[in-house]
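By letter and in written order, the chains are A, B, C and D; residue numbering begins at 1 in each of them.
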Amino acid sequence: MLHLTIEFSGGAELLFNNVKKHQIELPDNRKWTIKDLLAWIKDNLLKQKPELFIQDETIRPGILILVNDSDWDLLGNLTYELNDNDNITFISTLHGG
Amino acid sequence: MSNIKILSNAEIERYSRQLIIPDYGIESQIKLKSSSVLIIGCGGLGCPSALYLSTAGIGRLGLVDNDFVEISNIHRQIAHEIHHVGVNKAKNLAHKCQSLNDQIKYDYDVILDCTDNVITRYLINDVCVLLNKPLVSGSALKFEGQLTVYNYLNGPCYRCLYPKAPPAHSVSNCSDAGILGPIVGTIGSLQALEAIKIIAGIGKSLSGRMMIFDGLDFQTRIIKLRPRQIETCIMCQSATDTKLSQTDKNQILDKFDYSQFCGVSNYNDKSQNVTVL
Amino acid sequence: MSNIKILSNAEIERYSRQLIIPDYGIESQIKLKSSSVLIIGCGGLGCPSALYLSTAGIGRLGLVDNDFVEISNIHRQIAHEIHHVGVNKAKNLAHKCQSLNDQIKYDYDVILDCTDNVITRYLINDVCVLLNKPLVSGSALKFEGQLTVYNYLNGPCYRCLYPKAPPAHSVSNCSDAGILGPIVGTIGSLQALEAIKIIAGIGKSLSGRMMIFDGLDFQTRIIKLRPRQIETCIMCQSATDTKLSQTDKNQILDKFDYSQFCGVSNYNDKSQNVTVL
Amino acid sequence: MLHLTIEFSGGAELLFNNVKKHQIELPDNRKWTIKDLLAWIKDNLLKQKPELFIQDETIRPGILILVNDSDWDLLGNLTYELNDNDNITFISTLHGG
């Protein structure tokens, strides 16, 4: 199995029953990209308002995805292939002050 | 006004505890004295930023905010007191900083984004990119804070990170989600720190990195960001386009429809105010 | 004085932006209103701690410091201004916090260590252990800061971590190594945050963990600490010894030779001051 | 070889030419405890004033040792056996405010 830690912060956790950290397992008989993971999260973890998480088959504007604390854009974006024990974090940007 | 390139004996005494830090020293203090910082937003983040830059000896401080102090501000905006309700925030903060000059200037060395809404953040970012000024950006909500430095040392700008604005209905602000004073106190203090480091040319700034702070669980993480996106960021592309004059660049701002971009029907007061830049 | 167990309409308006945070809410505000915090040290850490606890609505704040404001303090101690030079720091900070009561009480719920020397830190720790009070401890030097919560939820006390005092000649302070304002601003703000969380009973405190902040490189780490050392820490041992009365415990403090323990020839002014606890 | 990251903070780096982070390699034909490492650092990295780093064959009071961001006291103190890629940090406590 592919063991992943999925984290939400900056308010993104509100879409996931206010749970900030999730440990998940995915079958490792296939490759998983971030794009596949987004679809999996939408079907399996997301509790409400999918349009606040996914738009046009990618993450909605204003949420930054991190792979092991690095901007996913450094790692191929939607095409990044997940490795065992990866930490994938979804940070909703804050605007207040 | 004292000579901008040397320190008086009184200044040496006053700043002695930072002058003696090996990585700081007298050169940094003189740079601070001869530099200017523009703080946009004089609320929860702007108050500590302005206070610490003032006491550290910044040469010129610009404060912009056309909001007035409300009762619900004072739990976190430590320069504003209950008898200031109704007073302009920038004026009141300037008074607190013992600065007599709250006039907006065009030539600030470092800009601090201490505002509280998406549209203003894009506008401030774009101005900084087109004028090539480092932008120390802080934001906070509830128990959380985020901090980074945009448009500096080949790090990304706000728009490089977020080329599309978030849907308007997905955005929470302090009025509807709440905010705790020590959170903005922490982020605002750290914005002052980053401004001082940039001006003094010391240390490693948060350019290309972002601090994410969760004050409720007390977790911090510093994440690595993408570099500047010259190919895909419309502002970074324009800023580095040698065929464009400064006038052309100014027109880019005039022509850009921020309200449509952010999906809101009109500018709010805050963003109108910032357009005087 | 208003009823301590309910909030008035004016208070609801004033604190509305923290009341609406889901993890905080009205219960937390009432706990804050009916609680007290003692801040020992009214300098760089004490100023922001006190300001943010005041504006957040703490019921009673105690401020202790028998130092007087010096010119070299004001670059970082944001409640003290140049015309306050020579004024007692606790009095001046209390004035800033609009508190009329700077009298030392014995029954504070949370203690903040905002002091600047080893001997005082051991003394404050020992008092907190023997009286079973949580201690939010901040410290800073140059560009660095450290923050933890001692004696709370089975986390260690200062003495559990450091059973022996460091050699006197190995210790640097702000007078000889320097300190930057935004660093104490950050750590002091975070001390206020931890105090609020403890009082409100929300979130995860830094008990059993310590934040290490390097502002020059901008690195943060949160480290895991040993638990309370009942077997080997002389104060934690005494505090949990059911055969000892409170009078016995008080005598432990009276008998303990802090100056010998810390290898210094006599108490300084600060530590004498704190013995009134 | 045993690859270790050695870090100093809180002022402890002043004893090591003001260098905060050191990558070192130790021969792996033997076991290395923290006690052995202290002696090795004293002989190989320490630039000045050994009494401000080591006293009575242990770390001097006021410096906390971390093994991968955990207090060494949780891991056996002087007897902890080093593993490849361990991060060992020496934090000098701050007292100022």
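Keep in mind that, in the parts below, contacts are C-beta pairs under 8 Å (C-beta built on N, C-alpha and C of every residue); 3 or more make two chains touch, one makes a residue touch a chain.
Just so it is clear, the model here is predicted, and its values are computed rather than measured.
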{"item": "Rounded Å distance between subunit A and subunit B, as computed from the means of their C-alpha atoms", "value": "29"}
{"item": "Chain centre separation (subunit A, subunit C; CA means) in Å", "value": "39"}
{"item": "Interface hub residues of subunit C, defined as touching at least two other chains", "value": "22, 142, 174, 177, 179, 217, 222"}
{"item": "Graph class of chain-chain contacts, one of line, ring, star, complete, other", "value": "line"}
{"item": "Every chain pair in contact, whichever chains are involved", "value": "A-B, B-C, C-D"}
{"item": "Residues of subunit A that touch subunit B when the two form their complex", "value": "9-11, 20, 51-52, 55, 60-64, 66, 69-71, 73-74, 91-97"}
{"item": "In the complex, subunit C residues that touch subunit B", "value": "10, 13-24, 48, 51-52, 55-57, 71-78, 81-82, 98, 142-143, 174-183, 185-186, 188-190, 192-194, 196-197, 202-206, 209, 211, 215-220, 222"}
{"item": "Touching residues on subunit B, where the partner in the complex is subunit A", "value": "41, 43-46, 114-118, 121, 138-142, 144-146, 161-167, 170-174, 177, 179, 184, 212, 214, 217, 221-226"}
